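Several structures are given next for inspection.
Across the two complexes that follow, subunit A remains constant while its partner is subunit B and subsequently subunit C.
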Partner chain A sequence: MRPFKANGWHLLLLVICLALILPVLFMVANSFKTLQDSYHTMWQLIPLHPTLKNYQTLSRQVALLRLIWNTFFMATLVTLGKLSTGLLAAYAFQYFHFRGKRWVYFAFVATIFIPFTVTMIPNYLVIAKANLLNTALGVALPQLCDATGIMIFLKAMAKIPRSLIESAYLDQIPTHRLLMNIIIPILRPSIISIGAIFFINSWNEYVWPTLILKDKSSFTLPLALQNYISSEGGTNFPLAMALATIMIIVPLAIYMVFQRYILNSISNSGLK
Partner chain B sequence: MIEIDTNEIALELKDVVKTYHKVPVITQLNLQIKKGEFMVLLGPSGCGKSTTLRLIAGLEAPTAGEIRIAGTDRQSHAKASDDIAMVFQDYALYPNMTVYQNLDYALKVHKVPKAARQQRLTKILATLNLTAYQDRLPGQLSGGQKQRVALGRGLAKKSPIFLLDEPLSNIDVQLREKARDEIQDLHQANGQTIVYVTHDQLEAMALGDRIAIMNAGKIQMVDTPDNIYNHPANLFVAQFVGTPQINILAAQYQQGQLQFQGQTLPLTPGQAQALAGQGDQGLDLGIRPEHVLVHSQPAGQPAYPAQVTQIIDYGRYQQLTLAVNADTTLKAITTNNDVTKDTTVYLTFAPKHILLFDHKNQKNIEK
Partner chain C sequence: MNSSKQQHRVLTLLYLAPTALILLVFIVIPIIYTLYLSFFDWNLIAPTKNFVGWRNYLTIFTDPVNQKVLLNTLGYIGLLLVLNFAIPYVISIIVQFFIHKMQGVYKIIFFIPSLFSLVVGAMVFAWIMNPVSGPIALLLRQIGFTLPNWTNSGGLAIVMLCLITNWKVFGYNFVLLLTGLGSIPQNLIDAAQVDHIPKWRLIWDVVLPLNKSMAFYVLILTIVQGLQYVFTPINVITQGGPYYGSSNVLYHTYLNAFVLYKTGNASALAILTFVIFLILLFLEIKFVEGRDADAPI
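Moving on to the complex of A and B:
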């Protein structure tokens, strides 16, 4: 690419970048301000009197590590569930022949179009019946399968040359070996990028966990954050910003580690 | 066809039919392949040769008929895949495994002891000149190297039957001949039964002990390269093999004599015998370009005056296009470079190289 050239497109991109980064800077800046400063100089990106007091207060008020662990555990459970069911289902759809395959697949994909609000109450009742309220499993269980994952993995598998599978067939490689030793390694970039997206989505999830998690000790970060916004006694704004800053650290780290894969087209199967 | 001792048959296809969605791809295919034989399936694209290979491999099931491996039916033979190794056109190397791992993988899965594996693979890697590349991933190899790895993976399996599906088509032309020789050497060294699919007649001629020429889902002829070239069973085989293509000219059989362009051509004893007692009829006369002899003066009888309308000089030889009259042109090959364009030359045909085909069923009258 040519060196930076301030043509119209770059200007537009710059504006979009700023619009995207500004709220993050705003959040981080305010987390280091005193309550007073945050009201008087809310838009100032460099705090006048930088302080760690908000973080100290937070660590006294909530069990931060516990919150992070809860969120992490739940997000990991959901991500692993979605990845493994997605891979297995896609594998079956791609390589097995069975009656009505097309219709089953359509039925699976159709679930993408069912709004969460429709399934929310029935799911809640099931989880309550199963005695899983207040548990990470209760949050994760209805989300262990995701047609989006099946769809994307299926597309990625379709790009694996047929001859590779046939070659394994002639070598009498058992199905589970084929999946573990050949298909999954080939799909690794797709798996990582989709996994990161699943993880971050689950990490940020709010509505469904609020229904299931009532006990403070089982709270995830988004739920704890809600406590600092408009709870009785008013919002302690810098405190909320500090918690929000803590909340983005893990997704940010994941993003930075797997950036290469996420930026690569998620349909890239890694064969070229 | 000559009867072959069935004990020696490695592979047999009996009345095999394959249809896809009611469209026949293979119709009534019969083929016997001897143990240790290098059999080439040759034909234009879409003739069913790859499908035949896939049927032998067991990647497809025949719609009807039987495929017998070492005398046992393919379908009922659970361990049939043990007897077969296959090299795919795109090599189908596992992209996430190194060269060594590619060769090792199937053996490892089938629990071949490590020492035995190592010994076998070291030898194969050395034979294929791959020792230096054994830790590379397929993505880091050239086309020729990948092809050798694919061959090596087939060899590692030690199967008596080796199937190769256009293994040279993805290799640079300059390297193709070398790769071809390597395959031949391997065959000679290992004595495996090879079924080799190609659309390249030169490859087929160079490699095959016998060639099965296929067209439209049928085998047209199975024979040695020599017989395929010099005694083609029908017009399709004659035209498919040989560059430039064989000249096919309209001739007549009248009162026991072969007439072409108003002159009588001699018949070989075999042809005379085949035509004996038959009535007058049109025949297709086939003569290969190298058997059309070009003279500057009328020499011998019968000679046909012809106009030189085009000369393509390939250096080693010249390809001439010659017009006997407005309707009859043919190609000839000369090596003396003494013909000039737009002059008149005189053509003769060596009688023993004249092929005659029945005009209706297109079969060689001698077959």
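Moving on to the complex of A and C:
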């Protein structure tokens, strides 16, 4: 009786897996079909006449390497910014004593609940005034810190034995050396996992970049993909799917390497 | 001693400064400035702004388009709660308590779509759900049905846009909820099994109350993040149409600010959203207070 019941549940879960994954598989498959084939052999997950034509057309129409570089550069800027400001702030919260600490921490965490619409107009005006429209820095600058990182780092720091820090103090090791040579190496797993999440999120970012990056040469991959989607119909789907396939390789590769780290830190971000 | 205290203070400031500075310049001051703008009539470019008092706020509640958008937002919240909260919660309970193997595999697979951009999701679903030539439409035609043209109906478009965010968020919320369920002490579950308490009673009386704080956290997250996530498919697929039928308050804010250049209206809408999110934040703190005992600081 019991295994039979469990099989029913597994069937349901399998259906969910398919519903989540099949769209991606069809997307990749269609990117290797001609427009005609993609229509006539829609259900063929392995293309009958695989072709690189879409990728060739794509590389003629857009500067692919430039797009990838723009996206990579912006995501790296954001990730490094969030990691370094987060580590410094978490260190201050964990090891320094100051008045109003709880309130400052609370204010930092509360920023997670702020809708982007309430800051976008002034931020757009500031970035425009600073002449940073169409630059990666203009996209990155307002998001160089992230309370999620501070939360994760704090939790990891709390696990470091107090005695280790105290003995470092007794030896009069300066704080920045303590941070660089002791804390950061211990925190490596947290840094990798949250860094991977920051990078993936930034790689996929769409809303804020559409406001800042207007010039095609400054586009990131999501913005370029949006250009291939027409709401009036007539989207050349195999072409758009080729670009999307290029776009998902990087997050997927990061996930394959750091899957355990990433899932752990998602779990951690919810458990306070 | 005194100088070391001084040094301590300087270091504290130094370490907090980068975060504090960015939050001040790009979050705190902008919120205040948006509040200021919400009392003016402006077009984002003109050198002068006209003070109009509360008029922009009155417009939100009296203008039929704004009313429609607010109503849509409620629809979005309801749907997102079902799709992105209730369903992942049920599934996480099944995975935690009703099956005994493969849990890790499901977790890994469910999470995959949350790695991808919503622009990718929007594009793929626009293809799958294309009412004329998409695979679902063709499949339905073979068995004698037609897929309604959901881009022509606000309500159906909202469902479709929510499904796209569901594709992305499902695994993420599932992982969070599963973590919460996994941290329930096993001996409580075992004890109930020894006493032959039916499983659904165990879930209802023990599991759900014990997982309340995580569930509430995900519930709030679903609303706050979901309304922002859904912005991307709206902008990519429907641009809020047909006739504002699939717009929500965040998209309408963007539209007012950067397409219609009604900065005052946009600001008032933004402040309204901000206040709603603040209330949700307050609820989160109040309900999840139980966890405060072991807060990090």
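Keep in mind that, in the parts below, the second predicted complex is superposed on the first by the 242 of 272 C-alpha atoms of A that agree within 3 Å, B and C clash if a C-alpha of one lies under 4 Å from a C-alpha of the other, contacts with A are read in each partner's own complex, and residues count from 1 in each chain.
The criterion applied here is as follows: contacts are C-beta pairs under 8 Å (C-beta built on N, C-alpha and C of every residue); 3 or more make two chains touch, one makes a residue touch a chain.
Just so you know, these numbers come straight off a predicted model, no measurement behind them.
*Asks:* Record, for the superposition on subunit A, whether partners subunit B and subunit C clash or fit.
*Replies:* Verdict on subunit A: subunit B and subunit C fit.
*Asks:* Using the touch definition from the top, say if A:Thr85 reaches subunit B (first), subunit C (second), both or neither.
*Replies:* second
*Asks:* State whether A:Leu64 touches subunit B only (first), subunit C only (second), both chains, or neither.
*Replies:* Neither subunit B nor subunit C is touched by A:Leu64.
*Asks:* Pick one for A:Ile114: touches subunit B only (first), subunit C only (second), both, or neither.
*Replies:* After superposition on chain A, A:Ile114 lies in contact with subunit C alone.
*Asks:* For subunit A, which side has the bigger count of touched residues, subunit B or subunit C?
*Replies:* Touching more of subunit A: C.
*Asks:* Identify the partner contact of A:Asn181: answer first if only subunit B is touched, second if only subunit C is, both if each is, neither if none is.
*Replies:* The first partner, subunit B, only.
*Asks:* Pick one for A:Gln94: touches subunit B only (first), subunit C only (second), both, or neither.
*Replies:* In the superposition, A:Gln94 contacts subunit C only.
*Asks:* I'd like to know which partner A:Leu164 touches here: subunit B for first, subunit C for second, both or neither.
*Replies:* After superposing on A, A:Leu164 lies in contact with subunit B but is clear of subunit C.
*Asks:* Considering only the touch criterion stated at the top, classify A:Met247 as touching first (subunit B), second (subunit C), both, or neither.
*Replies:* After superposition on chain A, A:Met247 lies in contact with subunit C alone.
*Asks:* In whole Å, what is the nearest CA distance you get between subunit B and subunit C after the fit?
*Replies:* 6
*Asks:* Quick check on the output: what are the common subunit A residues between the subunit B footprint and the subunit C footprint?
*Replies:* Dual-contact residues (subunit A): 270-272.
*Asks:* Please output the residues of subunit A touching subunit B within their complex, sorted ascending.
*Replies:* Residue list for subunit A touching subunit B: 161, 163-164, 166-167, 169-174, 177, 181-182, 185-186, 188, 270-272.
*Asks:* For the complex, which residues does subunit B have touching subunit A?
*Replies:* Within the complex, subunit B touches subunit A at residues 57-59, 81-82, 84-86, 88-92, 94-96, 105-106, 109-110, 139, 153, 157.
*Asks:* Enumerate the contact residues on subunit C facing subunit A in the complex.
*Replies:* Listed in rising order, the residues of subunit C that touch subunit A are 8-9, 11-12, 15-16, 18-20, 22-23, 25-27, 29-31, 33-34, 37, 44, 91, 94-95, 98-100, 102, 106-113, 115-128, 130, 132-133, 135, 138, 151, 167, 170-172, 175-176, 179-180, 183, 214, 217-218, 224, 227-228, 231-232, 235-239, 250, 253-254, 257-258, 263, 266-267, 269-271, 273-274, 277-278, 280-281, 284, 288, 291, 294-297.
*Asks:* Which subunit A residues qualify as touching subunit C in the complex?
*Replies:* 5-6, 9-10, 12-13, 16-17, 19-21, 23-24, 26-27, 30, 39, 42-43, 84-86, 88-89, 91-94, 96-98, 101-102, 104-105, 107-108, 110-111, 113-126, 141-145, 150-151, 154-155, 158, 175, 200, 203-207, 210-211, 221-222, 225-226, 228-229, 231, 233, 235, 237, 240-241, 244, 247-248, 251-252, 254-255, 259, 262-263, 266-267, 269-272
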